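Note that the chains are named A, B and C in the order they appear, and that numbering of residues resets to 1 at the start of each chain.
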Amino acid sequence: MKAYLSAFRMRRKMELQYRGAVLGGVICQVFFGLILVAIYRAMYAGKPQEIPLSHITSYVWLQQAFFRMLLASDPELMDKIRTGSIAYDLCRPLDLYGFYYVRIMAQKMTGSLLRAVPMLVIAFLLPEGWGLMLPASPTGFVWSLAGLFLGLLCVSALENITMGFTMRTLDFRGMQALLNLLMMILSGNILPLTLFPDSWQRVITLLPYAQLLDAPIRLYTGDTPSSAVPGILLIQFFWILLLTGAGILFWRANQKRLEIQGG
Amino acid sequence: MSYICVRELEKRFVIREKRKKGALLREKKTVRALQKVSFDVEQGELLGYIGPNGAGKSTTVKILSGILTPDGGEVTVGGRVPWQERREHVRQIGVVFGQRTQLWWDVPIRDSYDLLRDIYRISPEDYRTRLSELTEALQLGDLMRTPLRQLSLGQRMRAELCGSLLHRPELLFLDEPTIGLDAVSKLALREFLQWENKRQGTTILLTTHDMEDIVALCPRVMVLGHGRKLFDGSLAALLGRYDTVRTVTVSYEEAEAVPELPSAIPVIREGKNLMITYCPDEYATAELIARLQAAGTVRELTVQPQNVDRLVAAMYREMDL
Amino acid sequence: MDTIRLYLHSMRMLIRSQLQYPVSFFMQTLAQLVMEGGEMMAVILLVDRFEHLNQWGAGDLYFFFGLMSVTFYLTECFGRGITGNFPYLVRTGQLDTFLVRPRGVLTQAMCSAVDPRRITCIAVGVVALIIGSRLAAIEWTAVKVLLMAEAILCGSILILGLFMIEAIFSIYSVKSIELVNALTYGGRSACEYPIDTFPRPLRVLFTVLAPFALTLHVPGAWILGKPLFGWPEWAVWVSPVSGIVFFWVIWICFQKAMKHYRSTGS
């Protein structure tokens, strides 16, 4: 357990070092957010929808604020693979799956929290019809936090499997890029899932990609009423168990293979 | 006017040091990389350029090749100011960096040469002639289809040389070309450079840490230290003036050979091999060798000068820097 | 011109070396295709739900999207050398190698990287143009085709200028590249939609500072036979030139940056 915590803390330290980049990143994301909101506002002006505009703008801001959580990017890993020092990792007497799981989670959390807070503050301060709305209800808010955490577990498990593929094929760009863009499309980053056709939404919201941000955001805005919470939690737990299980099996197989090969 | 004319060359660099605790800004330090360096080089010379790290060798090469602009002084190469007429100047020079490559990594070296032909606008006939000439001289025939990344260090250096000489430059800069090479490759490289210098009349400026390169190739040596020119003349003069310590290694047939030497001279023995460090000023080389030969049947005997850093340190001591 | 020949030669070699890793190449191409497909899908879904944006109908929106896609990815295909690849060139000292050759630094930088995978994105853009053209019932004339070519060309040059800012930043070791990315990629995402979608500050930004609106939207609107955002008719041929002007300004800054590089070394 201690090993995990120290890995966590180390990751956090490294992320905090990129302080300078954070400010630039926040400005960047806010800019993107404004553009997206402007587009949706213009669209809504022509044909108002069932879902209130404020839900959509909130969706946009929450997506932008937690954008970092979506992406799989470990620049260190790329260098490690390129130079071959990945072998050191593989030799460590740690449970590799757990090690990378914690590492991925730490990366996502520290990377996004640092940027999310200033972004959300700015989003709150925006004028009416542009910014982030208050949560639909206190319980909704609490459930959205739970949903966010579970979604994080879910996507970390997903990414861990991809990491396993990366180790195996030593091709860090291909699989991760594919995962990233699947995430971006199917988690509602490019277009809020609430604006997808209803029939599509029924399927997409069941996928693991939607669990990280779409599920908690809907709980926040009230698009998903509190009564539907058990269903959501069920889906999230299902994916967490499935992906974690699959991941562990995959890594075990990987490790055996590498041991046979001799690294 | 000489081919290369350097007068009072100056170059300063400002580096930011690590932030000290409690300080708001990083401290700036000015490094005087070159301080009023002057020299001339005629066409066809083979010049060795030595000095410890940070002495200003790379800076000089960069300025002479037109990459860097100096802070003071004048330079002309072939009548041109390198950094002012970059493209025309650069057409006449070739550069080989020991650590870096100018060829493409993943493609067969032949393809790299084809691209260089386009970059330098070499005519097809001239290219064909020159390439076959260099291929033969550098023995690259079998390697033409091999990508650079699959070549050994020695092979890579030969490939680099070929690439840098394709366009028949008048002037060739070599920055530590023998670094990391095995003995055979080093010899081959030196032979080639001599051939190129004699046959093509290419002026060659060789920067190196390896005294053997100098000994083998350069009739003229320039020594830089702390941005200043410390010596410019023949190798013999350099060794004569500053080379104060010699090392003799001798190998005997008999294991019990014990030469008669003053006790002040340190002798390191390893079985049949002895290593003796001495000062030729204090003890004549001829005398020492005579004594060593008297002690037993000599299988092998070599006399080596000291390395560059010690040489330059000795030079500093003399100039009281 | 032999510069073009050099570029084509470099391109052939780069593609050959990229194809040495076919699986990775294929995966990345696929990823980019899906990415751009996703963007287009977003436009399709939005159009499906909202039917129109201000006075712009479905066909108009596809057309604008296609225009931006083709322009942007055309530039990304050929211009990687001065954006993504440039920091690497500075870091590894490859820039010095360029300076030792009798060619321009920009030329060599552009020859150093080509991204043929973007062809898929350009294809998506072309599809969008065709669909948009059909739905908006554009009556094509030689003049309109010429204008579109001018718009795409000038738009490419504009984007190339934006890319060059990253090169300039890497010479000066400026870390805040994200701000420029906001302008470049934000501009792309925004100006997939006609400029009147946006509030005044953004409109001014993309008309005056990074003139996407002038290079793409004004000609685009004219081709669609729609009002020109308040610009007079003759401006249609002139406004794309703003892209060239922008590039020229950045180019001057790049020359300055190179002067700085050559006086301070690497």
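Just so it is clear, a contact is a pair of C-beta atoms (placed from the backbone, for glycine too) under 8 Å apart; a residue touches a chain by one contact, two chains touch by 3 or more.
Predicted model only: the values in this text are computed from it and were never measured.
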Contact graph of the chains (line, ring, star, complete, other): line
Chain whose mean Cα position lies farthest from subunit A: B
Most centrally placed chain - per-chain CA mean versus overall CA mean: C
Top chain pair, ranked by how many C-beta pairs fall in contact: A-C
Where subunit A and subunit C are represented by their mean Cα positions, the distance between them in whole Å: 29
Inter-chain centre distance, subunit A versus subunit B - centres from mean C-alpha coordinates, in Å: 55
CA centroid of subunit B to CA centroid of subunit C, Å: 47
Multi-chain contact residues (two or more partners), subunit A: none
Residues of subunit B that touch subunit C when the two form their complex: 13-14, 59, 62, 65-69, 83, 86-88, 90-91, 93, 95, 100, 102, 104-107, 111, 114-115, 118-121
Residue ranges of subunit C touching subunit A (in the complex, touch as defined): 23-24, 27-28, 30-31, 34-35, 38-39, 41-42, 45-46, 48-54, 175-179, 181-182, 186, 189-190, 193, 197-199, 202
Touch list for subunit A against partner subunit C, complex: 20-21, 23-25, 27-28, 31-32, 34-36, 38-39, 42-47, 49, 169, 171, 173-175, 177-178, 180-182, 184-185, 190-191, 195-197
Touching residues (chain side subunit C, partner subunit B) in the complex: 2, 5-6, 9-10, 13, 16-17, 20, 92-94, 96-97, 99-103, 108, 259, 262-265
